[in-house]
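Two complexes are shown next, each including chain A; its partner changes from chain B in the first to chain C in the second.
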Partner chain A sequence: MKRSAVLVVCLAVLFSVVFAAEPIKIGAVSPLGDITGKESTRAMQLAVKEINDAGGVLGRPLQLIIMDDEMKPASGAAAIDKLATVDKVDFFVGGMGSGVHLAEIPALKKYQKVTVWIGAADHNCENAVGADADWYFHLHPWDYQQGEGYGIAWTEIAKAYNIKIEKVFLAYEEGAFGTGSYTSYVDFFNQAKKGQGSWAAVMKQFVGASFKSASLGGGDYRAILNQAKSFNPDLFVWAGYDADAVPIVAQAKEVNFTPKLFVGAPPGWPANYGKNPLAENVILYGMWSPTLSDVSPAAKHFFDAYVKMYGEEPTGYFAPLGYINIYFLAEGIKKAGSLDKNAVIKALEKVEFKDTALGEPLKITPSKVVKHQGFKYQKILQWQNGKQQVIWPLDLATAKLVYPFSFKK
Partner chain B sequence: MKNRTGLIIAVVGVLSVMISLPYYSGAYFLSVTMTILLNMTLAVSWDMMLRTGQLSFGIAGFFGIGSYVSIVAVSNFGVNNVVSIFLAAAFVAVIALALAFAILKLRGIYFAITTLALTMVFSVTIRNMPTLTGGSGGKVLYNTIFNGDTTKIYWLILTMALFTILLSIVFEKTRVHYAISSIRNDEVVAKSSGINVFKYLTVLFVITAMIQGVAGAIYTQQYGFAYPETAFSLDFLMLPMAMALVGGIYSTWGSVIGSVVLGLVAEYLRLVMPHGSKIIYGIIVILIILFLPKGIYGTLESKLRTTRNGARK
Partner chain C sequence: MNAKPFHLNRTLLILIILLVVIAIWKPVALIYGFQRGGLYALIALPLALILGIIGILNLGHGDFLTLAMYIGYLLFENLKIDPLLSMVPLFFIFLALGMGIYMITIKYVLKSGELNQLILTFGISMVIIQMAELIWTTRPRNLYVSYASSSVSFLDFSVGTYEFLYPALAIGVLIALRLFLKKTKLGQAATAVGQNPRGAEIVGIDTNRVYFTVFSISIGILGIAAGVMLPRTSIFPLTGSPYTLKSFALVAMAGLGDLNGILIGGITLGIAEAVIQSIPGYGGWSDLVFFGVLLAVILTRAYRRSES
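Showing the complex of A and B:
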């Protein structure tokens, strides 16, 4: 009798240990062939390692299962199906392109697992997800939020540095990305004319013109730069791709076009762009810079840990976003105390980080359509001596704005 | 007689397995199968045109037009999702017929480049009609076909693939085959034999374009959106071409085998080698094309023929 009791107790202990060790499965979908996907999944693995080293969540380790979406809509949708039905993950994370995400949304709706997405800025995705999807959390700012944020940023910068910003020129690549940017600027200009919207104080005049991106066979910007020069803008913004980043500044120098503020807004920058003398004083939009380590302990911790684990610096903001992606979800599960879907949703709604790897706080608020939106705005950065310095938000500034723009001699 | 019965049993068996697939395969395998069937449809249709000797690079163009006609019909005019696919077929057929009079006079590389340019022209046109098509920002459907029922969507895609295969076989087994083979081998001889070259080229061009348009429409209805970049993506040209080349050109079964082999290999590599799977995939395609210039089916067919001839001797 005694022996049986001991056996039962031993089995119960063994069972509980095995059960407790069962990992919490997180399915990540990302474009692994692209630098954004590569770095964001690396940062996710870093976060998972740190959490597991600290004892996991609810006494269980996290297991990250990564699938490549190959930047193809059908592959993204199949990846969701595989993670949900074969790997039987508890949560979905990841993301990058909006085109792929639109194809993933029907599959995500089918499984309705708690999803924390860090990609897809196109508001079409928000509309496709719909207001009812309480299981959906989106951390990356939507396109319209970014545009609104730039208006707020330039207004605050103009006031803080006592500079005049009234004339805005947008040079945009003729594809979807550039045309989308142009459409939002036109909307903001129409609002500004009525004295409404975030751009009201800094957009008295607006001109936009398209160019063919170097990545799509173009690369001659002289005509558009001369057009901009004759307009003499206070703020010159180009919305193209990384392939345009060097030649557009080189040709601006060639035609002697020096707008007071020279801003580039590509989705990604060429590697080592800051080392090029032409980059000096060029302003860029982004969510993160290595210099944030100077002002944010969380950003510093992330940066140091990433460099220690991988032996190289992250190049873009998708790395810190991927890191936050896992920590945000883990915090929600911890607060919920279980994997119960409704409990995790309620807990995630209350998660609040005072500081994150992006150097800014994170709190969930509703956006135009979805109930759970994380970050709202991008930052304004400027290349100074080969480094991306943060200019805005002003409370996170790592350097003063170099104004007006001039080419390095 | 025995061979015929065996063939019928095999066909019925394969069809039964394919039709009942949603009942025993998981959602993931079904999703992969749907992608393979879609690429198979495009590969077979591309090969059907190639059999005339005309290399068409217009797959992605007709695919994109089909996508947009379908999504605009549903989104702007409230047309039923299924009906929109037929509308896309009809619209693409009309466009292809109109284009046939202009471009089917071209031959060789001139025809190939013109069809590739058409894809760009279609894409730019769609981008510049924002009121109708959503322009560069694309268009989204908030209700996918069959309310997202994957079983029904799978059957729809299977029907499209089977119809295309059947049509291709019919063309192989009827006098159309002799006519288009003759055109491919020597157009002057074909003409002097009384073959109406333009008629046959037009029929093949319109039918294959229509199939590609239907594939685009179904793809869009399946995922519920159309972006110019995705609808006119050159992936819809390169992948089906690679599949037909790997399987073996100038035959229905070559494209079918190529689609299945490359589709499964690509998915397997994605699972076992998330980083760098594309490199291995590319190497496999190059090796097969280098060492099996007739493709998998063409090589197997040649070997079987040699064995049979050897046995007869």
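Showing the complex of A and C:
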């Protein structure tokens, strides 16, 4: 009898150990051939390693299964199907492009697993997800939130530095990305004319003009820069791609166009942009900079750990977003105490980080359509001596704004 | 026969009047167009040479340019060779590359159908693009030399001086090619092969040697174009691809074998583009105008032929 009891206990312990060791499967979908996807998944692996080294979640290790969406909508949707049916993952994470995400959303809706997404800024994705998808958490700001944030930022900067911002010129690439930006600015301008919206105080006049991006066979911006020069804007913003970043500023120098604020808003920047003397004092929109390590312990921890693990610095904000992606989900599972879907959703709604790898707090609030939105605004950064310094939010500023913009002699 | 000089004079007259009007209306656009058109001509000249003499449709034309830019970038980053000086080593590196590509691939499809040639050169294009993505990723690279954004000011305008190198080099390459084709035995043989390859073979010209030399020189010239473009261009795996289509368009506009026409056509299209870009709100129409002018020229030529 005693022997049987010991045997039963031993089997029970063995069973519980085996059961406990079964990993929690997280399916990640990202464009691995692109720097954003490469870095975000690297950061996810870093977070998984840290969590597992510290004992995992609910006594179980996290297992990250990564799929490449190849920046193709069909591949993204197929990746979701494969992760759900073959790998049988418990959760979905990842993301980058909006176009790919639009194709993934029907597949995500089919499985309705808890999803924490860090990509896709296009509000059409939010509409496609819909208000009923309580399993969907979106961390990256939506496009309209970003635009609203810039208005708030420039208003606060104008006040803090006592500078005048009234005339805004937008040079936008003629594809979907650029025209989308232009449409948003036109909406903000129409609101500002009525004294409404976040741009009301800093957009008395607005002009937009399109150019052909170097990425699509263009690369001659001189005509548009001359148009901007005639307008003499207080704030010059160009919305194009990384391939436009250096030539547009080189040609601005050539035509002697020096707006007081020279802002670039591409989704990514070229390699070693900061080392180029032409980059000095150029302002950019983004969510993260290595200099955040000076003001945020969480950002410093992430940066140091990433560099230690991979031997190189992350180049963009998708790396810290990927890191937060995993920690946010892990915290929700921990708080829920199980993998039960409703319990995890309730727990994630309550997760609150006072500091994150992006140097700012994270709390879930509703956006226009979805119930669970994470970050709302981007930051305003400025290249100073080869480093991206944070100018706004003012409480996170790592340097003072260099104003007005001028070319380095 | 008598109609030709009349047409030529009329065309020239219209062109001169147009240039004068543009010079008064949009002087800066005229300069930009001249500069940009020079670049189009510089890149299209080697394609015209390949098409006119070998008759092969090289879909990898712009991708060889991309590869040359990456090599130029490496020469600058690692050996500190100024991009303008790098034109010399780039010419020889790509001359050798052209020789290799010809021996390994092109040689074997010369007598097969055009579809095979297209598939082969498309394959070469894909190999270059994918290789560039694997080695250098899709992130653009740029190099900085202060003289590339230098400018001169007149009246209210500030005009960049660097891009005057594009038409200057295009003219230089054109003169060199014409001298090669007219004054050297190999060049004369190439002209003969271009006009009648079978006849040239019958009279004892080694057509394979001609094709080999012409193809290699053409790829070598892309090395020169890459060197001069480096300081002003973002380098990424698809940098050169759009120039393939533009170069084909220019060759179609100028007519097979007409190297002078490439220069004139390039500058005409460059000016047309620049004028449209300078009109506020119509910048997006530049491609339409580019190909509109191209179509107009081809149709006019066809009409004249049918008349004569």
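Basically, the second predicted complex is superposed on the first by the 409 of 409 C-alpha atoms of A that agree within 3 Å, B and C clash if a C-alpha of one lies under 4 Å from a C-alpha of the other, contacts with A are read in each partner's own complex, and residues count from 1 in each chain.
The rule is short, and it goes like this: contacts are C-beta pairs under 8 Å (C-beta built on N, C-alpha and C of every residue); 3 or more make two chains touch, one makes a residue touch a chain.
Since this is a predicted model, take the numbers as computed values, not measurements.
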{"item": "Partners on chain A (chain B, chain C) - clash or fit", "value": "fit"}
{"item": "Partner chain in contact with A:244 - chain B first, chain C second, else both or neither", "value": "second"}
{"item": "Chain B versus chain C as contact partner of A:103, first or second or both or neither", "value": "first"}
{"item": "Which of chain B and chain C A:253 touches, first, second, both or neither", "value": "second"}
{"item": "Touched partner set for A:342, first chain B, second chain C, both or neither", "value": "neither"}
{"item": "Which of chain B and chain C A:268 touches, first, second, both or neither", "value": "second"}
{"item": "Partner chain(s) touched by A:112 [first = chain B, second = chain C, both, neither]", "value": "neither"}
{"item": "Touching partner for A:33 - first (chain B), second (chain C), both, neither", "value": "both"}
{"item": "Which superposed partner A:365 touches (first chain B, second chain C, both, neither)", "value": "neither"}
{"item": "Superposition-derived angle with apex at the Cα centre of chain A and sides reaching chain B and chain C, degrees in steps of 10", "value": "50"}
{"item": "Nearest-approach distance, in Å, of chain C Cα atoms to those of chain B in the combined model", "value": "7"}
{"item": "Overlap of the chain B and chain C footprints on chain A, listed as residue numbers", "value": "33"}
{"item": "Interface residues, chain A side, partner chain B - complex", "value": "32-33, 38, 66-68, 70, 72-75, 77-78, 81-82, 84-86, 99, 102-103, 105-107, 109-110, 122, 124, 127-128, 130, 175-180, 183"}
{"item": "Residues of chain B touching chain A in the complex", "value": "26-28, 30-32, 34-35, 38, 127, 135-138, 140, 142, 144, 148, 150, 219, 223-225, 227-230, 235, 267, 270-271, 274-275, 277-278"}
{"item": "Chain A residues within the chain C interface of the complex", "value": "33-35, 174, 209-212, 214-217, 219-220, 222-224, 226-227, 242-247, 250-251, 253-256, 268, 270-273, 276-278, 315"}
{"item": "Contact footprint of chain A on chain C as seen in their complex", "value": "28-29, 32, 36, 133, 137-142, 144, 146, 148-151, 153, 158-160, 162, 232-234, 236, 238-239, 241-243, 246, 274, 277-278, 280-281, 283-284, 286-287"}
